[in-house]
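Next up: some structures, all given as structure tokens.
You will see two complexes here that share subunit A, one where it goes with subunit B and one where it goes with subunit C.
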Partner chain A sequence: MQKRSKWLKIAIVISSFCILTSCGVETKQLERLGLITAIGFDLKKENEINGTVAVSKFDPMAKVMTNVISANANTLQTLRAEENLAIDQRLEMGQLRCVIYSKELAEKGIIQLVNALNRDPTVGNMVYLTIAEEDASSIIKMDEKKIKVNIGTYLYNLIRQNVERELLISPTLHEFNHKFFDNGQDPVLPILQVKKDKVAISGVALFNDDKLAARLSNDKLFYLKLLTDEYRTGSKELEFDREEFSNIINTQGGKSFGEVYNKLFLSIDTLRSNTKIKLVDKKNIRFKVEVKMDSRLLETTNYLELGKTANMKFIEKKVNQEMEKQIKKLLLFFQEKKVDPVGIGNEYMAHVRGKPMTQKEWKELYKNAKFDVQVKNTIARTGTMD
Partner chain B sequence: MKVNLHPKEGLLINAFMLFFIIHSVQVGVGLAGLPRVVYLVAKHDAWISVFLAGMITSIVLIFMVQMLKQYDSADLYGIHVDVFGKWAGQSLNFIYMIYMTSTFFIILMNYIEIVQVWIFPTLPTWQLSLVLILIVIYAVYGGIRVIVGVAFFSVIGTVWLVIVLFVPLQFGDFTHLLPILNVNAKQLVMGAQSTTLSMLGFEIIMFVYPFVKEKHKSMLFVQIGNLFTTIIFTLATLISIVFFASNSLEKTIWPVLSMFKIVRLPNLERFEFIAVSFWMLIILPNMCFYLWAASKGFSRILGKRQKSGVWIIAIVTFAATFLIKSRYQMNTITDVVAKLGFYFAFCYPVLLAMIVFIKKWFKRRGDKHAETQ
Partner chain C sequence: MFKWLSGKKAEETPKVHSLDLEELKEQLKTELNVGADLVFRTLKRDGEKLIFCLIDSLIDSTKLDEVVIKSIMNHKEIEWTCEGISKVLPMASIHAVNQLGEVVQGINQGKVYIYSEGQPYGILADVSKNLVRGLEKAETESLVYGPKISFTESLQSNINILRNNIKDEDLCTEDLTVGRRSKTKAKIVYIRGIADEQIVNTFKQRLNELELDYIPGTTVLGQYIESNSWTVFPQLMTTELPDRISIALYRGKVAVLMDRSPDALYGPTSFFAFFESTEDVYMRWNMGLFLRLLRLVATFISVLLTPAYVAVLTYHYEVIPSPLLLSLGESRARVPFPPVFETLLLEFVIELLREAGARLPTKVGQTIGIVGGIIIGQAAVQAGFTSNILIIILCLSALGSFTTPSYLMGTAIRLIRFPIILMAGLWGGIGIMIAFCFFIIHLLRLETIGGPYLTPIYPARIKDIGYSFFKLPPQYFSFRPITNRTKDKERFPKKKAKQKKDVDE
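Here is the complex of A and B:
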């Protein structure tokens, strides 16, 4: 009895060793792998895409650390197989950081290509998706000497640091999916542009379904972020008529207004904000958008008399009015372009019982939605000066 | 065959271990796909369905434990023989044994499928199944106390995964939960029924019961174990609904594992690999208990040694792994076993408990008559 269980133990140990030490499982040696860090997709012709990949190498002997390969195919997997034929290392998608779609593709719809990433278990969920202003391959093919690092890493850092500074809405694969598959929200992705040997973010693309429908310039992005996220840092410059503020402008003993600007610019910096979108009238689809924020005044182009409470209230009121106007304009712009990056549809569906709504039904209703915008801004601090 | 089972003092386990037993056997491969399965039926109120299922399980457990308390120290095999007589009882025992073997098989196959999809696409099924079955046989050879130990370490070793589940929450959109109770009662109940595969495992109490030292305390710990499972299941479902858009949750086969994809540690880019590997620790006690209970049945029915039962069941299961090749076959057979489980673990024990109560009541009355005469 005792002897038999000893034999069993030995058999288990031996077979475990044999099986667990890789017979049957593929080995992946780091030096022999080419890690794809970025992929760019362009539309070649109908039914054919051109994919360009940046491959990072680990081979210490190699001088060039990145390889760029381009191939044409119909599906992502064939593309990878085609590309595999053009390199001495085995291509792996596990370290993919950034995917770029050309504007042309985005206008036709990208979900067919994004789904390929969703199905593949080797692709992470935190890959950044972006749109190229022109063609995607030119971004991947950027001269690496100028940017000093692998293009995939560069793009990853470019987007990540801006997301962390709260200047950009996080464009990960997960967030794209979430917003795309939600019936009451549309995705937003950043647009990349090559500017003098550097890649920069030139704006954001707004999607209707999976098609690029409109773009938003960087300065409007503040309001979109204000509406969608809990905002912590981020600043916005507001433009005012100088005449309106003439009462509180401190001319500092009769010195001139300054001639560089003939308008008054205020720059405010959000400390925290909280946005509530409420459905107030179900029948007429009327939403109340309430933005509460604490901010600090960072910059004024004229000295203002900030010591007095009344003046501060006046500025707050002016800022509120200006922001309300801008937000309302932005919401109407979204409505006109039939995009819903804020997720107003989700808010609507959350309060209407009955059968779940399809995206199409919501977009029909969305056309007639009305918005009341209310901004409550408290200027909590004014920097080191009064 | 004796109705009551009186194991040696040294084989008994403490009643509080029932918490680990019930919890670890309930949590298994089912959990990985649970949110989606329920969501397909009960939509964004799926979490209510899951909670409801937990409540129902708790009621079924009351019946089970009360039924067991009618006997001195019996397991289901003994009760069958006592209630239905030798031939009918033994046939029912045999059917229950087959049910447990098939559950064992389903757990094994589902886990292997997860490993093949997520980590090793080219790994042949038989290799992993051989290793897993051998480990399980090894544990079952050690007897009930070793298996309970496996259950204990499985719970302790994997409970931290629940904390990791909170990471996806920050990407969530809570408007998905509203309006609450938007589906009708029928859908909620149907949703609760679809949790069967995940909730299964608590029926093991009917086989472990003779080994519990303080039997009067068993109800408490069984209920706590089930409550803990219910909370974890509800939480996982809730987070999945908040995290995924509705259309993508309907398409994701293992939402809980997919959620782990979002977790990113500085030196570990892909957390789901860790989660899938740890999942083996989660399913290990399930497989051990099912194999143990099935092989126990073998020895109880035929009066042979339990160890030969272990080998026979293991070999049959191993042979069966060669029959399944694809995802859709897997789906069909999982559905069949889930349905079986619904009848075997939820409906049948309640029915049996009723029969036992009536029988015992008649017997007591008969005894009283005999005394008075």
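Here is the complex of A and C:
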């Protein structure tokens, strides 16, 4: 009896092995695939989008080639099917690095296309989402000879490098989803622009829901990142009137230097920051924004007397005031455009009990919110002097 | 109940050999059947006849001439009786016998049978010649650091080396005979008071219950006494290093040595023991730790790297990082086979090279290495037979499997790679996982001489991890491995080890 059950077991194992083998997992051999590394979406006309893909493909005879294919469709699936007809290798999304939406499309909403990426298990969470200043296809169609690498890889490196240098807020699919589905925060994506055969980041797009609502230039981005994130080694240039600093400008024995500009520019770097946003008054929706920083003063356009403590205190005060002003301006700008990339809504919702708030309800309250901004910057070092 | 026992006894009824010399000769000739090797030498004195019976090829003829015959001839006054002769023989090992069976056995072992006609007893004197090769460096387990002496084929000299290493009165060497027909001598070696009796008894029981005609060596003996003979993993370690045995004995293990076998067998040995080298012990602890971890990582790579290549290139192209994507794709694009087939082909080539190199004499073997490594490797890539990245990966895993100190375990690791590669080709990452889990479960279920095979990991013996996985500074090893359940648990007093005294204290 026992012997029979043993044989039965072996038979089950073997037969299940055979059956499962014949189920056949779909093989995707690398060299037989056309790997989409970047997709650009444009709004073609009503109810139709135009998708352009950059495809890396491997040929036994030639080096790695990038093909650009373009097609019109309503959904991502059919778009891929259409494009598949135009190439000798099977198109796959697994190596997607960068997605570009045209500004026109972004103004009407992009969530249906983002969702298509979300549902595809082969698409990673670390895909970068971007917005094109003009049409997306012109970026994808950029001549590969001029940027030397595949456009997908180029864009990926462009964004990653800037995110690592803390010049950009990370625009991954994961982060977009998080901020989009979060009722108290709105997503932010970088804007790409073709400049003289090169693609560059020209600013960031602020979203209200999934619709592009406003844009922010690169220099303002610093304050946005300061509010949403922590800096480890940031840097910032600040602009002042020279007159205000006349007391501490070192004239170097009567000679005057640095008169190229009629203003005074300070540049601080190795900046570490920590920002806290607190709901101070629930009724009047008043927030206190506290920014703590320490940094190094590296560059000034005029010689400053940095040896004295009083002077340093003065500079710190000036920097604080300037930053407070800018941050306040930025927050009011956000309020005006009804966008909340900082996540102030989250802070509010964390302190108010009751039913979970919808995005709409929050935006109604957001209009009347007030902010007190306090920046505490310590200049810890002033660079090496001989 | 004892029917079989009594039956066997009846077969070997004691039989006194013939008292007549001519008849004795005939009896021996028929019993031994060794042709001209059986030599008789007769001495005569006043009608008395003394006969020496021996096998020519087994004895040391100078010993026979100088010691036995000379001393008998020089003492003319003695009586040629059993007592008389034994008085003049300057030898320690002599026996008085008269059973035909014993005489035959004695002569077969290289003794000389001295018999005076008409006497009730004759004398068996040991004049055997043992052909021993000199002590040499260890061949299969080569070392950079530490003692390099290795065991030889002679049990006697092996025990001698071991006894010189360990001058412990508690070192027990119990005699055994292995092989019903070959009657090879063997010894169970352990240290009384350290080795667990249960382990010793298990060894004894398994060895005594063997009913084999002949066993060629300890490696084969190990295969007969281990618990699971279906698995690829060896469960008992064989080594040719005497110091390795000494270290093992003091950790509470039991060794078996066999005559005519240059390897000693010892156990219980867990899976991780096969990755230990004596070098780890002799080196400083941090170097030993590094080497040990290196070996474990190498093994892991060796088992999983090629399957991972197959799985990634056949199913999971998503996980390839973009800097690697281009070079991988470019080198794969020229290969006409699917990745599984490509990998199996190249693995086959590497195994061929290894086998060819091992079978050939050293000088030709090197040529094979060059031919295989450079020419085939280079040509295969240029011809578009394989991708060059696969060659790198395969060489890594081949190297990884060669780092294992135990040759048996190294081969086992190379073997289990093939099913995993096949599964990776069938089901990708899931296939690797299934195959790997199968092997883990299999290892968990294995046992070595009644003990668990994956021991410091499962069952977890955290203290023992320092003995097999990691190494720690020597003062922390005041205890013997817990898994071996030694009777004497402490190696040295723990507290004293931590004091560092100066001369004047």
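Throughout what follows, the second predicted complex is superposed on the first by the 356 of 386 C-alpha atoms of A that agree within 3 Å, B and C clash if a C-alpha of one lies under 4 Å from a C-alpha of the other, contacts with A are read in each partner's own complex, and residues count from 1 in each chain.
Criterion: a contact is a pair of C-beta atoms (placed from the backbone, for glycine too) under 8 Å apart; a residue touches a chain by one contact, two chains touch by 3 or more.
Worth saying up front: this structure is predicted, and the values here are computed from it rather than measured.
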Which of subunit B and subunit C A:15 touches, first, second, both or neither: first
Subunit B versus subunit C as contact partner of A:343, first or second or both or neither: first
Which superposed partner A:56 touches (first subunit B, second subunit C, both, neither): second
Residue contacts on subunit A - larger count, subunit B or subunit C: B
Which superposed partner A:81 touches (first subunit B, second subunit C, both, neither): neither
Partner chain(s) touched by A:30 [first = subunit B, second = subunit C, both, neither]: second
Partner chain(s) touched by A:124 [first = subunit B, second = subunit C, both, neither]: both
Contacts of A:94 with subunit B and subunit C, given as first, second, both or neither: both
First (subunit B), second (subunit C), both or neither touched by A:354: first
Common ground on subunit A, meaning residues reached by subunit C in one complex and by subunit B in the other: 20, 25, 94-95, 124
Partner subunit A, residues of subunit B touching it in the complex: 43, 117-118, 120, 122-124, 127-128, 130-131, 134-135, 137-138, 141, 171, 173, 175-179, 182, 243-248, 258, 261-262, 264, 269-270
Contact set on subunit A toward subunit C in their complex: 20-21, 25, 27-31, 33, 35, 37, 56, 58-60, 63-64, 92, 94-95, 97, 122, 124, 153, 156
Of subunit A, residues touching subunit B in the complex: 5, 8-9, 11-12, 15-16, 19-20, 23-26, 94-95, 118, 121, 124-126, 174-175, 177-185, 343, 346-347, 349-354, 356
Parts of subunit C lying in touch with subunit A, wherever the complex brings them together: 313-315, 317-318, 320, 322, 325-326, 328-330, 332-335, 338-339, 384, 426-428, 430
